[in-house]
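Each of the two complexes below includes chain A, the first together with chain B, the second together with chain C.
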Partner chain A sequence: MTRRAWGPADIALVAALALAAVAALPGGGSPGAVEVLSPGGAALWPLGAGRREVAGPLGVTVVEVGPRGGRVVASPCAGQVCVRAGEVTRPGQVVACLPNRVAVRLVGGASGEGVDAVAR
Partner chain B sequence: MRSPADSRRLAELGLWIALAAALQAAETLVATPVPWFRLGLGNALVLVALHRGGARDGAWVALGKVFLGGLLAGRLFGPGFLLSLVGAAAAVVVMGLALRGSPPLGFVGLSVLGATAHALAQVALASTLLLQSPALWSLAPFLVLLALATGCVTGLVAHRIAAALEARPP
Partner chain C sequence: MSRRAAQGVVGLLILAAALAWVRWGRTPAGPTAETRFLMDTLVTVTLWGAPGPAAEGALAAAFGALAAVDEELARVPGTFLWELNQTGSGPLTPAAAAVLEASLGWARASSGAFDPTVAPLLDLWDVPAGPHPPPHPDRLARAVAAGGWHRVRPGANGGVDLGGAELDFGGIAKGYALDRAAEALRARGVVDYLVNAGGDLVVAGAKGGAPWRVGIQHPREPGAFLRVVTPLAGALVTSGDYERAYEWEGERVHHLLDPRTGRPARGCQSVTVWAPTAIDADALATAVFVLGPAEGLRLVAAEPGAEALVVDADGRLHETPGFGRVAPAAKAR
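Our next item is the complex of A and B:
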């Protein structure tokens, strides 16, 4: 029994998934504020709020909110993926430090960011 | 007394687990331009095991890859390990179910389904367990698009491996 690399069903599957993903991409619009999530809860910071410290289970994550978006400046985690990820500048983008359970997300401005589809 | 076919299957399984774990550990250690981006070549070997030995062999390779790979990369039982365990489990379950689907999918389709399940399961776990917020779901469309690309690549790799094995029977 041989199995092909791909056939019509595979192309249809990839196309359907790609269409669904593109349709679900967060809308553009202008950045409005930065949502910072931590075990302490969620907080909405205005653009240009500057540097603040957020506490997580590993220690303090330093978040910087500039005029264009937010970023993680320093983190107590081992991987430093969150620091290397850089700044989020488009609504819907997220940078997260999962070990320290901190996430920084850019939310849209006045135009709104459309439906935030959530399946729970 | 094991039959030669049994011995061959066992030897193959060991080879897939070792290769998949080494690939996964290497990918964990290599820095990538996009955070969390991994090609997931280990999944190609899960797919080869699924194709040749069925769901049970696939599960062995998937779980062996996660535990040995985590051990090699020195992150056993951390949050990253938990994420890769749940991702790999979701991928092998979805690919195992799709193996018997109709119309039959090729290696690329199976691999793409596995990669997508891997990404979505990780978002679900990180959202519920680590962040307790749906914020990460806005990453899901990007992650699915990445999964489509990496799934195609690993599917083609799996096909080449399976074809090479079938061209040279024992």
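Our next item is the complex of A and C:
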């Protein structure tokens, strides 16, 4: 069997196949991150960012961003609903402290469990 | 390379170019979203389509519609509703007239389980203030006696006479506002959108060919869903005893009050209603929660187009036969 050097047509074939393969790939999503909304604006924190303090009209809300998602661990609000809500671990989930105007939402990192909104 | 092979290569190049154009060559459709604190909750408006000034304008219009309703019908100082409650009678704005008419209709249909005159009871319980003792039974009885939707009657010059009652549209105005936001989006040619006001939703179209995916919150497991659904165009509204609530001496105190007893309703943990309009879904979700699963689902069955999913006080699921049709379970991605 003899080996033949690649000609222009062969290279064009490989290029076409490679381009087609890349073009057919689904659009990529950003890796998972936690978006924190507050009166100071929106901030995107990477998973595992740890504890940070967020200022609101009532005082400081403490948000913890772990490897799986984010949660409110301390809040100056009376009801403490946001603290009891636990961790958001699926894209689309959100926990909000309405009195202190702080919200924590998991974004990106789409998975089979991801949702666009939570009816609650 | 043979002529046939060369034709194959040319064909592949054309295919690759077409795929590349689809992938990179046109304005990419995607989400345009914005979140604001509004109507005493967190509101996110998401559109799907080409980003740009038109999408930004549509978002602004939707938020404008929501804010307009809030500024008129929230029961806080300075709004139209606040002033109406102070004077006890007077002319109505178009928005107030529409919401009052719908409120009284649902009050009648639900035999008072939904009642727009619960304001004094809400003030007595003051759930947003956090854990504190419940109101004295005598005060509750007086507040129940002072209310009642049947007191509200037409007033002079097409206005209204509250008959000594005080209105609160907390169980319906958010739905009305969602409908106005959806209307504003459609007026700007937006066909694919999801408006989320604190977990009450209006939805239409899709996101790039895939349906919108909505998780229905489990009432007792934070972070867990009862199911993930892909609702048809319309509204999906949930009333639950876990959202604005606290525990007091082992009892769950929440904001969904039974206007007939003056106390938090106990028949359900959560109620999710799908309806063509959010104003109806909102009022129905509250009414069904107060009525409980059996009577509540009968009310839904009598309302054409509405469907419901109920978690009763013991955690058992009940649903109307058509709920799975209007909110089918999402396929795993």
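Here, the second predicted complex is superposed on the first by the 78 of 120 C-alpha atoms of A that agree within 3 Å, B and C clash if a C-alpha of one lies under 4 Å from a C-alpha of the other, contacts with A are read in each partner's own complex, and residues count from 1 in each chain.
By definition in this document, a contact is a pair of C-beta atoms (placed from the backbone, for glycine too) under 8 Å apart; a residue touches a chain by one contact, two chains touch by 3 or more.
Everything numeric in this text was worked out from a predicted model, so none of it was measured.
Once the two complexes are overlaid on the shared chain, A:G79 sits against chain B and chain C alike.
Legend: residue contacts after superposition of the two complexes on their common chain; A:L37 is shown touching both chain B and chain C. Using the contact criterion defined above for the overlaid structures, shared-chain residue A:P99 touches chain B and also reaches chain C.
In the superposed pair of complexes, A:V88 makes contact with chain C only, with no contact to chain B. In the superposition on chain A, the residues of chain A contacting both chain B and chain C are 7, 9-10, 13, 17, 20, 22, 24, 37, 42, 78-79, 81, 84-85, 92-94, 96, 98-99, 101, 103, 105, 116-120. Those residues of chain C that touch chain A in the shared complex are 1, 5-6, 8-9, 12-13, 15-17, 19-20, 22-24, 35, 37, 40-42, 44, 46, 127-131, 194, 196, 198-201, 203, 207, 212-217, 222-223, 225, 228, 236-238, 240, 243-246, 270, 272, 332-333. Across the complex, chain B is touched by residues 2-10, 13-14, 17-18, 20-22, 24-26, 35, 37, 39, 42, 78-79, 81-82, 84-85, 92-96, 98-99, 101, 103, 105, 116-120 of chain A.
Partner chain C is touched in their complex by these residues of chain A: 7, 9-10, 12-13, 16-17, 19-20, 22-24, 27, 37, 42, 77-81, 84-90, 92-94, 96, 98-99, 101, 103, 105, 110-120.
Here chain B touches chain A in the complex through residues 31, 35-36, 51, 75, 78-80, 83, 103-109, 112-113, 116, 126, 130-142, 144-145, 148, 152, 155-156, 159, 162-163, 166, going by the rule given at the top.
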